[in-house]
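Below: a set of structures, written as structure tokens.
Shared between the two complexes below is chain A, which has chain B as its partner in the first and chain C in the second.
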Partner chain A sequence: MYSQGLIGADSSTTESEEFLAAFQARIDREEKIEPNDPMPEGYRRTLVRQIGQHAHSEIVGMLPEGNWITRAPSLRRKIALLAKVQDEGGHGLYLYSAAETLGVSREQMTEELLSGKAKYSSIFNYPTPTWADIGAIGWLVDGAAIMNQIPLCRCSFGPYARAMIRVCKEESFHQRQGYEIMMTLARGSEEQKQMAQEALNRWWWPSLMMFGPHDSDSTHGDQSMKWKIKRFSNDELRQKFITATVPQAEYLGLTVPDPDLKWNEETKLYDHGEIDWAEFKAVVSGNGQMNRDRIRDRNKAWDDGAWVREAALVHAQKRADKQHIAREAAE
Partner chain B sequence: MATAETNVPAILEIADDCLILGHRLSEWCGHAPILEEEMALANMGLDLLGQARALYAHAGELEGKGRSEDDLAFLRRERDYVNCLLVERRNGDFAHTMLRQLYFAAFMQPFWREVAANSTDATLAGIAAKAEKEMAYHLRHAGEWVIRMGDGTDESARRMADAAIELHRYTGELFMASPARQKAIADGLLPDPESLRGEWDATIATVFAEAKLEMPEIRVMQKGGRDGNHGEDMGHLLAELQFMQRAYPGQTW
Partner chain C sequence: MTDKHDLTPLWEVFIRPRNGLHHRHVGSLHASDSALALQAARDVYTRRGEGNSIWVCRSADIAASDPSFAEANFEPADDKIYRHPTFYDIPDEVGHM
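And then the complex of A and B:
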């Protein structure tokens, strides 16, 4: 799961006018760009950055939901949640592989995540204090991610677009399981309903922030749109998400925590209240409630696993040597 | 012959083994040493939790008291869980986790094979046919890692040897038949675990040889799980597992 909030890649590029025009012509013909095709350096850099952030988001995103696997309330929920979090890890794998086609290694990208240099989706810097947060994440966070990722299935870079097709199918399943958790809570006891409402209150605004700054404040959108990495602006996607989600909340009998939210008959869209961009900036820059914990957990897993990875490499080398000796002896 | 209600305790032994080990594997989620192992550990955990679910549902039906799979999985007292001690051992490092998995899978794969082929209980035989394939994968995966770590670096070899000394003493219980188990054996539901010892010994010896690991000499095997006498880690595991069901009794999730 991921959204387009914080790409911030430098898309400046130094190729000749002629090269750029030929590349743009391919993009405009809706041809897919493949890893070995000529491409502007800025295009490559933007994609490495975006796919890397997307992959990191999947991996860090395993932590807030993983927080509830051992406490899931039924066997069915426990299995569904473990499978879902496993899917997120799988998305991370595809995405790292897609980025590797552009000449950057998974190790390099991992290092940038662990050192805090690479960004990941800020939404995962919020805590999951209750079971209802698992429902709300599936419903809202995966729902917001889908809004962003469906257009990415048509992204001009082939490996990314193809990875997104499977990812979207799985995310859509996740979104439904999240909504089903919310539905069960909303139809349950008073304390379950309250748990669901509180989770909606916690996740609504951060979910809207997942789409990134308003178009008027977003500096990097234009070139990505031109190269068809991105197909819709931040505000367009945010509106789509609100329009799809508000009736779902109504169906649950829950209240969206925005007193200014109302249907606009003229625009056929919901007008919504002001997003707290100061909070957004604080979380993006490392000052959310869980930023430090997330990076610490990722670093701990990586450091604790160092001896395992080293053992695997050394063993593989021993095995290769043995085969080599056996082959020489046979000759 | 129809499986009797008196066989429920024997089925619960296996169901509890699967639940508790599946739960332990799920604790790794997000913390594995490598992304591919995130996938594999979750996969193995999912297999075991799936097996547990099928077994609890079957046990609940046989018992005929209206207890659901969740009642059995979440709402018993610690003393009433009858898993073997091996599966409740804490994860420790990756060497401990993989060796625990190897020990268990090397027993369960032939165990399920026998249940699938010979059980008088058609439901159990059906569960077994699927579970055997799953455990064959666990056996291969865990075996490969034990070999990698045993014959890897000095550190990984030391950690592997520590894990063997720590965990080998819990393997004896796999072959002990509680009175409940003896009844199920007599009724033709389950194989005698003792009959699987030769195969288990051979599997473990092969992996250990390739891993350059010494077989620890354990004089006294630990036991007690089948009687509900668990180690100190078990209560903490159950505190997490049962948290929601205990904190919000009688609700639907």
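And then the complex of A and C:
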């Protein structure tokens, strides 16, 4: 579950005009680029950064929901949430592998996440105070992620596109389990309905921010579109998301917390109110409610697992040495 | 932490969806040895009935053709149309062949 205009990539590149034109021609013919193919440095750098941020988002995204596994209200909800969080871990691994084909190591990416250098989707820096937040995340956050990820299945870089196909296949269960939670609450007692409404209030605007800055303020959108890493602009995807989601909120009998939201008969889209970009910038730059907790928790998980990684490597080495000795003895 | 010596090796994962089909490359993962690689492949790549058999091999053990020789390697096959059955004229009367 991830969706964000890429944060701070440098797509500048220094290859000859001829090289860039030949590369662009391949892209324009809809040829997929594979890891060992010649590619502009800017293309490689943009992808390492985007796929890395995407992978980190999947991994950090396990935390807000992991918070509720032990407290899920029934066994059915608990196994579903466990399966969803497992999926997010798997998505992170597919994506790290895709980034590694571009020459960056897993260890390097992990270090960048743990040191706070690497970015991940701003949405995971919001807390999940109630069970309804788990419903809202599945419905809205995964819903926004699907909008972004479906076009990424056609991304020009082969390993990224293939990873996204796997991710998208798995993602639709996530959104449905979230919506089902919201539906149950919305049809429950007054307090439960209220809980669902408050969760929608908390997650609506941050979900819209997931698509990244407005096209007019997005610095690297054009180059990414030209290289067909992206297929739609931030605003186009945001509009698609709003148009798909508002009727779903109406079905639940909940109110989208935007007084300016209005159906536009001409464009056949919803016009929406102003997004608080100051909040977005604050969260991206590390000052969201949960940024410090998320990085602290990831560091703890990494440090607590250190002995397992060390033991596994030493064990593998010991067995390899033994086999080696046995082979020499047999010769 | 990132001494070359300490890096956990990368493995390529192949899964056979069901008997009668080839194992097919599905992705890669890190593991210290083949037993853990198989375990991780089972956990990561077969969560929804994707297959009944897994192969793993060290990525470092794969030799790959050089993409800059793709033309030299593969284009000569394009003009050898006589390798295809449609190159040969057989009258319809002969029936299916």
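Here is the rule we go by: the second predicted complex is superposed on the first by the 330 of 331 C-alpha atoms of A that agree within 3 Å, B and C clash if a C-alpha of one lies under 4 Å from a C-alpha of the other, contacts with A are read in each partner's own complex, and residues count from 1 in each chain.
Rule of thumb we're sticking to: contacts are C-beta pairs under 8 Å (C-beta built on N, C-alpha and C of every residue); 3 or more make two chains touch, one makes a residue touch a chain.
For clarity, every value in this text was computed on a predicted model and none was experimentally measured.
After overlaying the two complexes on the shared chain, residue contacts for A:90 are found with chain B and with chain C alike. Looking at the shared chain after the overlay, A:165 reaches neither chain B nor chain C. Judged by the touch definition given at the top, the superposed model places A:191 against chain B, while chain C stays out of reach. In the overlay built on the shared chain, the residue A:325 is in contact with neither chain B nor chain C. The partner that reaches more residues of chain A, of the two candidates chain B and chain C, is B.
When the two complexes are overlaid on their common chain A, residue A:73 makes contact with chain B while staying clear of chain C. When the two complexes are overlaid on their common chain A, residue A:100 makes contact with chain C while staying clear of chain B. In the superposition on chain A, A:59 contacts chain B only, with no contact to chain C. Residue contacts after overlaying the shared chain place A:309 against chain B and chain C alike. After overlaying the two complexes on the shared chain, residue contacts for A:131 are found with chain B alone; chain C is out of touch. Across the two superposed structures, the residue set of chain A contacted by chain B and also by chain C is 83, 86, 90, 93, 106, 309, 312, 315-316. Across the interface of their complex, chain A is touched by residues 19, 23, 26-27, 29-39, 42-43, 45-46, 49-50, 52-53, 56, 69-70, 73-74, 93-94, 147-149, 151-153, 155-156, 159, 240-241, 243-245, 248, 251-253 of chain B.
Of all the residues in chain A, the ones that touch chain C in their complex are 34, 36-38, 83, 86-87, 90, 93-94, 97, 100, 105-108, 111, 162-163, 166, 170, 309, 312-313, 315-316, 319-320. Listed in rising order, the residues of chain C touching chain A in the complex are 1-2, 6-8, 10, 27-33, 36, 43-45, 47-48, 64, 66-68. Looking at the complex, you find that chain A touches chain B at residues 59, 62-63, 66, 69-79, 82-83, 85-86, 89-90, 92-93, 96, 106, 131, 181, 184, 188-189, 191-192, 297, 300-302, 304-312, 314-316, 318.
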